[in-house]
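The two complexes that follow have subunit A in common; it is paired with subunit B in the first and with subunit C in the second.
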Partner chain A sequence: MAAVKETVRQVLAIVTDPSYKSATSARRQKLREVIAPRFDFSDMAKSSLGYHWRTLTPAQRADFVRAFTALLEASYMGKIESYKGQKISYLRETQDGSYAQVYTSIQSGGGEPVSVNYRLKQSDGTWKVYDVAIDQISLVGNYRNQFNRVINDKGYAQLLAAIKQKEQSIDSGR
Partner chain B sequence: MYASRTTQFLVGIFALAGLGALAFLSFRLGKVELFTPPSYVIYASFDNVSGLKVGDSVEIAGVSVGKVTDISLSSERAKVTMRINRGVQIDDEAIAAIRTRGIIGDKYVSISPGPGEKMLANGGVLRQTESAFVLEDAIGQLINNMGSGGGKKEGTEKGSDGLNNPPGIGDPDGSKPQPSK
Partner chain C sequence: MAVSALRTEIINVKKILIGIIFLSFIGAAGAALAAGIGDQAGSETYSDPLAPFNEKMFWINLKLDKYIMRPVATGYADVLPEDVRRHIGNFWDNVGVIPRFANNLFQLKMVPAGTEVSRFLINSTLGGAGFFDVADPWFGLKEHDEDFGLTMGHYGVPMGPYLVLPFYGPSSIRDALGRAADGAMNPMSYTLPWYISLPAQAGATAASAINYRSLNLQLFEDVDRYAVDLYGAVQDGYIQRRRKREAENTF
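And now, the complex of A and B:
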């Protein structure tokens, strides 16, 4: 729990720092530095691909991890940056050996709070997030369903192209 | 008067064979497994299993591969015990999700195979799980979303490229322009 709290605190400190207001690329870089050690993006990428991961060559895997990380960044950086003082509460945590889950909720405006649960795995002494469940919907699980559908319909090359295209369309739409 | 010894012997054999057949039939029909257990047990913990019952099926790609044999509470989460048919391999990074069949249908556990190299053995644990969809919660959220300016859930709309992000955080009112789909 402390690990998640600390990372969220750092992220919010950067996002709410007025000195970064006009320097978006510097802020992004700073955010990356804070987020990268806490999130295991290669594990998320691997898990999102599901059983198809086993059929990829090491070079393809590295390429996919890069594309996937870029997609996540394009999808969520903007959301993080649009933070406007929503209240984040830490509800509880459960731990089972080297696996843990931290339950948080984000209260925004007058709406019902959105639950955000971080799933962490401990390896080499550090806790890293391998999945995030928003509103009980697992990010990795959601991607796995979609990726599997695309791969089974059109093949892996099409999926990779679609991910890259999606990432670019989000980036250019900003 | 008395039948010959041979006849008595033959009747005895026939009766024994009949009993044997009956025993075989009852074991087969009753699905009693006497010697080799053709299945193994795995566990998964969920935040919410609302509606799942013992005896519900466990499926991979829609194919039934086992049954839920026990549901219990373990440190504020629901621990589900599943018996998986022998010969079905599930890796340690598979995701177990509770899904609903039809609109008011039964619940079942859907397992989507993962990239893991290690296959689960008897007593293995699935770490990645997705909870049951609770209609009341979903309706509550929908009403709330409509109340707060008609913000829509991104995760539920289908893009033309078939790739969507799960519901986003920090953008609950949809104020941020979405990329054109």
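And now, the complex of A and C:
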């Protein structure tokens, strides 16, 4: 999965590029351009909703994908931008037909390394990430439990509002 | 309002906790275990029959963390440099060898069980009473963490309903019983009278928890910052990781 390695290399090149130091919005735009083709955000959004996805109209689905993508961006862009030379190691990769997994680990400071595993699916000849497992926890699975709890307790409209609100609070907090 | 409400809350929690302990003794836990946490497939969330108790406990633990653990751990981190705290973490880890060894043995994992003994002997001596983990870099001996919850899982006991424990946080009926069994393996609990061993063990637990918390200040904040539903995020994180460990244990 050279594609994952290449994307990580590009991301690191952008965040360590001193010319972006005072141009955060330009950097974010650049990061988006590099990351977007490698991640299947609409697939991630869909599986994070589970069977509730089927109850949504096409317009609602599009709206949800936008909100979910914005939440992921707000959450992880900030994390990526705070990169301080942590060591990223590529451990191994496995492939089973049109599914693959790339195992990496991130070592920061003197602590235990954190495993970050990318799960990819191939469609139309391109490999795209459909889930990331951080420290053994599937990101999409974790959101699915959260989202469905909120839907069951308060309904879909409340979930969408909560996602949008979370995204804004993360963005304003940085 | 706050104090009396909190007191009622704690009394409720106590009642439910006593109920759970009672139920587990009369064997109703067996039925609860059989019911299991359930797959995400049907309802998309884990079945959480103890949710009313769990959510209250989760809220109390959050307050406990916000007003006690986090401030204490932050102050502690200001006084002690990070590498010193890592060595202290190694020390606590080394001390916990008995349940790790025993549970490897219970699961008939003889080589890892032996590795745990070797690691303890090496780190307690060459590693300066366990403050340095030299067994891993010098001898290539890695820790094999096991607990009684995983041992029960190994022999087919399902995780049972999700359970949020006071202070310890996320667990399950099975894993909470496992935790009690592991605690009973602490030599203090059978060599010293209970009125010494209980406070001493509580003190050791608190000291190692503060040390651990101080090394994970950012991690805890991140989860809180990014989660849409914090309870659900922590619940899923616990269950996913335990299932992963169980899957590694079955062969």
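Following the convention adopted for this analysis, the second predicted complex is superposed on the first by the 174 of 174 C-alpha atoms of A that agree within 3 Å, B and C clash if a C-alpha of one lies under 4 Å from a C-alpha of the other, contacts with A are read in each partner's own complex, and residues count from 1 in each chain.
In the analysis below, a contact is a pair of C-beta atoms (placed from the backbone, for glycine too) under 8 Å apart; a residue touches a chain by one contact, two chains touch by 3 or more.
For clarity, every value in this text was computed on a predicted model and none was experimentally measured.
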Fit or clash - subunit C, subunit B, common subunit A: clash
Broader residue contact with subunit A after superposition on the shared chain, subunit B or subunit C: B
Touching partner for A:58 - first (subunit B), second (subunit C), both, neither: neither
Partner chain(s) touched by A:85 [first = subunit B, second = subunit C, both, neither]: neither
Partner chain in contact with A:111 - subunit B first, subunit C second, else both or neither: both
First (subunit B), second (subunit C), both or neither touched by A:18: neither
Subunit B versus subunit C as contact partner of A:166, first or second or both or neither: both
Subunit B versus subunit C as contact partner of A:125, first or second or both or neither: neither
Partner chain in contact with A:47 - subunit B first, subunit C second, else both or neither: first
Touching partner for A:140 - first (subunit B), second (subunit C), both, neither: first
Stretch in clash, subunit B with subunit C, out of 5-13, 23-31 or 131-139: 131-139
Shared contact residues on subunit A - subunit B and subunit C: 50-52, 75, 79, 109-111, 135-138, 141-146, 148-150, 162-163, 166, 170, 173
Subunit C-facing residues of subunit A, complex: 50-52, 71, 75, 79, 109-111, 135-138, 141-150, 152, 159, 162-163, 166, 170, 173
Residue ranges of subunit B touching subunit A (in the complex, touch as defined): 45, 47-48, 75-77, 91, 93, 95, 97, 112-115, 117, 125, 127-131, 133, 140-141, 144-145, 147-148, 155, 161-173, 175-180
Residues of subunit A defined as touching subunit B within the complex: 46-47, 49-54, 75-76, 78-80, 82-83, 86, 92, 94, 96, 99, 106, 108-112, 114, 116-117, 119, 121, 131, 133-146, 148-150, 162-163, 165-166, 169-170, 173
Subunit C - residues contacting subunit A, complex: 40, 43-46, 82-83, 86, 215, 222, 225-229, 231-233, 235-237, 240-241, 244
